[in-house]
Amino acid sequence: MPWYQLTDPNDPKLDELARQYNLHPLHIEDARSADESVKVDSGTNYTFAVFKPVHLKPNPDAPGQQMPTFTTIDLFAGKDFLITINDPTCPASAHALERARRDGDDEHPAHLVYLILDTIVDHYFPAIDYYDDRIDDLEDDVIDNPEPEVLQKVFAIKRDLIDLRRVLVNTRDAALHLQRDPNTIIPPEQQLYVRDTYDHVARLLDSVETQRDLLNNTLDIYLSSVANRTNEVMKVLTVLGTIVLPVLAISGIYGMNLHGLPFADSPNGALYIGIFSVVATVILLVILNRRKWL
Amino acid sequence: MPWYQLTDPNDPKLDELARQYNLHPLHIEDARSADESVKVDSGTNYTFAVFKPVHLKPNPDAPGQQMPTFTTIDLFAGKDFLITINDPTCPASAHALERARRDGDDEHPAHLVYLILDTIVDHYFPAIDYYDDRIDDLEDDVIDNPEPEVLQKVFAIKRDLIDLRRVLVNTRDAALHLQRDPNTIIPPEQQLYVRDTYDHVARLLDSVETQRDLLNNTLDIYLSSVANRTNEVMKVLTVLGTIVLPVLAISGIYGMNLHGLPFADSPNGALYIGIFSVVATVILLVILNRRKWL
Amino acid sequence: MPWYQLTDPNDPKLDELARQYNLHPLHIEDARSADESVKVDSGTNYTFAVFKPVHLKPNPDAPGQQMPTFTTIDLFAGKDFLITINDPTCPASAHALERARRDGDDEHPAHLVYLILDTIVDHYFPAIDYYDDRIDDLEDDVIDNPEPEVLQKVFAIKRDLIDLRRVLVNTRDAALHLQRDPNTIIPPEQQLYVRDTYDHVARLLDSVETQRDLLNNTLDIYLSSVANRTNEVMKVLTVLGTIVLPVLAISGIYGMNLHGLPFADSPNGALYIGIFSVVATVILLVILNRRKWL
Amino acid sequence: MPWYQLTDPNDPKLDELARQYNLHPLHIEDARSADESVKVDSGTNYTFAVFKPVHLKPNPDAPGQQMPTFTTIDLFAGKDFLITINDPTCPASAHALERARRDGDDEHPAHLVYLILDTIVDHYFPAIDYYDDRIDDLEDDVIDNPEPEVLQKVFAIKRDLIDLRRVLVNTRDAALHLQRDPNTIIPPEQQLYVRDTYDHVARLLDSVETQRDLLNNTLDIYLSSVANRTNEVMKVLTVLGTIVLPVLAISGIYGMNLHGLPFADSPNGALYIGIFSVVATVILLVILNRRKWL
Amino acid sequence: MPWYQLTDPNDPKLDELARQYNLHPLHIEDARSADESVKVDSGTNYTFAVFKPVHLKPNPDAPGQQMPTFTTIDLFAGKDFLITINDPTCPASAHALERARRDGDDEHPAHLVYLILDTIVDHYFPAIDYYDDRIDDLEDDVIDNPEPEVLQKVFAIKRDLIDLRRVLVNTRDAALHLQRDPNTIIPPEQQLYVRDTYDHVARLLDSVETQRDLLNNTLDIYLSSVANRTNEVMKVLTVLGTIVLPVLAISGIYGMNLHGLPFADSPNGALYIGIFSVVATVILLVILNRRKWL
């Protein structure tokens, strides 16, 4: 059975194969489009599939960090031929093809498709783990040091998870399609394997949902910690005011150019008034504290 | 096959055609109504369809900016006739008719309907891109300069997206109807094309959902940045208070007309007390800073 | 065909008709109950329907304003009789009966039912427009003058929309029932008309959903504008404090009864110190402004 | 037909009946369990049903107030026997049995079951009305006097509504089961009655949903009124500061021990400076007011 | 009938059994995987099931407290054999096997599977009760003492409930699968038992949903109490300011080195001015109080 392994959808070889195997022009157009989404389309004489393998690559904006990156792999799987178009820079798709070559069987393109899909799905787990780690870090950050930058990181991950979720939902639908479609190329005895892959994708989606919940919790913690800090600052201001106001009031009173102020002529007047001020401040603080206002 | 291209639903020619081809009065009424919504209605002898092409036109309220604008196109497609009523000011519907004329086939009205729908859907992509750009700008704005105007822009786009989403949902249902309806005019060999258009609309809807999520994130960033700024202002007030209060308290004390204040008679009293005030302020700031209250 | 037009469900005539046409006691009980909800119930020999026409009536609490008000109309439509019970004070139900009398046909009770339902649904549009106008006003109010009263108006409309939505959902289900039910009295050739009415109700529901979204936006704008105003007030307080604190500190220092203060004995001391105070205040304001704290 | 009316599920009579009528051990276990939930279980020779009648009883925590309380009633309805186990302290279940005894027919256990269910459902309406009144009171409270206690009342009702909603959802499912189940004991000619009961439960559920919406509105009003009050307090503080600061600054200046202050030696200096202070304060207030900062 | 009770999925005995009973390699792989999720998979000659028993074990982070912990139990149930692999440290799975041994019947593996599942489900109730107690404690805490730590506890429980909910949803699906699957090993006469277990899981899920609602309420109470406290602190600050400002203003005025101040030369000037200050403060407080600003 021939297996054509292309690495560029614009390769003229593809046009030749399209003529030879009667591939639908819309599928060729899809394979060459820049923003394909994951899908499986079972025609009468072959199945067209698009998957999105993911790999971690260094993040140019944050040195030392990595970021999940999607590439595209297209498959045309007939009864007696297989055409794959993958991006050679993606280790996940390279690994998928390699495993298919090693474990697969030249006479069963359906099994090769399963092996490729299964490997691609396996490569989503490190991406999910990557976000798990990032979210754990954010949760620590948001408690220790609730800065606005944390918020931007939360929203950046939210945005990534929106994309990841969409790819996973489509991959799940594709796996379901390979099980249920009456034209599916997967023979009954291999359905259990596809169902297993489907279960893996469903578990990945569960994890993404959990991560979204955790991010929302992080956001709530952040917002409540900002409210708390405002509260704390207000209290500091109030304590400072409480400490100083009696002194200001008393010193203001004794600064007046009036006659008849008690102790005004006493040689230890400053001492008496100083003691009185301290006592007044302490009483005020005790009252506020008792009423749980501070 | 005759193709009647009208540009005004109130053209008396339409009444004539209605008699000739036995068009249903409700469809004529719909075509003439001001607020039609997207739909496909397959009758026994013809299919009535309403689509909403979109084009960008200059925004009168914001010079230099554009805004997506919907017009309406009505189609009556029978086995051997086609009637179209489009708004001639809309480049998207003009383009759709032009492509149908060029690529279509006079004997297959169903194919013409597909070509028109497909072109209309293609024209939604620039509208989505337009909102992507606007939302990107807003995200930058909200971080650099969180003003209430940003909020009004966010809600204006939200309102637009509500409308756009409704049109897309109805267009998706219309494309589904063209695939599934037992009376559909689309022959089986062209179903794959309609399914492709359906996939495009589904992807557009995905994008709109993502944009709504991003707008909600922008809103959360805005609200939290307002809370943060209040927090910052409170801290400034507290720092100012902290710096000034010791000076006020000490100067108040030495302003009292009392006897017995230390250094009151010393020739360098002002210097000693000045040093004492600065030291007291610094100690207070250090304490507050250590406790992370500032 | 006899058409009995009652205006009071407690009319003893209804009991007589119930005996004559074998009406179900539960339907008679429903017709006489105070809080009927919209429904269609197709029995073996007749169909029982409850609709809720709406009309705008002057609002006693807000002179010059109107408010949507629901009444009830009950229909018993058999093959060869029609009984209607409407509230004579409601212009919408009066109009519905009048149109049925004018356009309907004595021999087809089903068509009369359709005409009544269609007219009732047409009368929902002014109610929706009424809320559109109210929400537009609120949106202007909330930006110009965010007072707590705006909030109460928002919640009052929300409450109204909850009721309106329930009536519309039930009316939509009733229209669907008239199309789908195997016992439906509507003959196949009139189904297109009922479907049209169904589409109208669906569009009304879409509008109500949009209005709920817009009200939520208004609420968010209100809450964020309260947060903004708090922020503004804080800034005013901080600016005032910043302007006055240097003057207070300096005047406090020169109010001390101490020796050795610079310029204390200079004849132009007040002028020098005044200039110094103004310069200190300006420097402080410039620093705060540069750091974007104000 | 024998009707066994037990009032205690632990009555040994029940074991005897279980042997006699071949009741399933799981049903007996359910009847004796403390936390049964509403359900209908149609077996081959009898139907087992659990309902939850509600009644209002005095609230021990809030004298003068009432609170809805659930009890349990179990029914075993065969073709020729009926066993009921009710809590004798519940007026709703007593009323249900009494009505069944009065209106029911000894030969039709199914009709007795319907009568009991219908009476139980009728008794939910006062409970819903009770919450309507409580929520109306809360809405008035939250506007007049937004105290934290209001919030606790809101959450207490929310918690109650969660329970009530669960009971109603299960009761609705039970009513549906009595209509749809192929083994149902309800004969076709009585289905209309069960459907009517089903409609009542659906309307009760609608009311509970509305009440949840209203409680959420109350919560939003509460939170926004707290934000508003903080805003008001801030403004009072700022107005007080604005009134007093010019006086403090000016009196501070004239309190300095410096030479060269204008009017310092004028006999009416205090008057001139007093007028100047008042004018400065008024100008400041006018400026702040114009800029809408207060 | 042989029943193989393994305690370690890596036991080489499992490979031997896999060969003997023709177990599917994917099932063996699942049993040996670290993060299995709950499922039931009915093959042609046996059923593979994974359950997650829960038990409470001491929490190492919080001495004296406990925490729910999941382990895994795998079952391979054929017509004439049963293989179980359980974690021996888990009392719940030990109890399940013990009950199966005691009440089960060697010839019916399906009944053993039911007994094991039922015992596992029974052991979820204490875990739910555990969270009920924790949430009750939190609700008391959040009202008495709203500290940020409460928030962290709320989010920790939320996270736990996300996990618990997932396990329960999968267990419910597994129970449904045992009822509905055409290949199910459960014979018809035992379906009622499995349905009973299904009802228990559904009730557990209801409880988890209620707990999530209650946690959200707790969160709202927390956030509103922080807003309230900020409000309280603001009021204290304003009251302090209100009390002190008249004294400061008056004492400032009488501290000026000016001529013409009233009572300046009176021997009881200090007394008159003191009375005037107190009266001014009281009037100010009364005004603020009347306007409900404090």
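Odds and ends about this structure:
Just so it is clear, A, B, C, D and E label the chains in written order, and each chain counts residues from 1 on its own.
Note that in this section a residue touches a chain if its C-beta (ideal position, glycine included) is under 8 Å from a C-beta of that chain, and two chains touch if they have at least 3 such contacts.
None of the values given here were measured: they were computed from a predicted structure.
Number of steps on the shortest path from chain A to chain C, with steps defined by chain touch: 2.
The best fit of Cα atoms from chain B onto chain C calls for a rotation angle of 70°, in steps of 5. Looking at which positions face the partner, chain A and chain E present mostly different ones, since fewer than half of the interface numbers are shared.
Chain C and chain E have centres, each the mean of its CA atoms, that are 37 Å apart.
Computed from the mean C-alpha positions, the centre of chain A lies at a distance of 23 Å from the centre of chain B. Multi-chain contact residues of chain B, defined as those touching 2 or more other chains: 227, 230, 234, 237, 241, 248, 252, 255-257, 261, 264.
In terms of inter-chain touching, the protein chains here make up one closed cycle, each touching precisely two others.
Partner chain B is touched in their complex by these residues of chain C: 143, 192-193, 196, 199, 203, 206, 210, 213-214, 217, 220-221, 224-225, 227-228, 230-231, 234-235, 237-238, 241-242, 245, 248-249, 252-253, 255-261, 288, 293-294.
On the chain E side of its complex with chain A, the touching residues are 24, 26, 35, 37, 39, 43, 148, 151-152, 155, 158-159, 162, 166, 219, 222-223, 226-227, 229-230, 232-234, 236-237, 240-241, 244, 247-248, 251-252, 254-257, 261, 263-271, 273-274.
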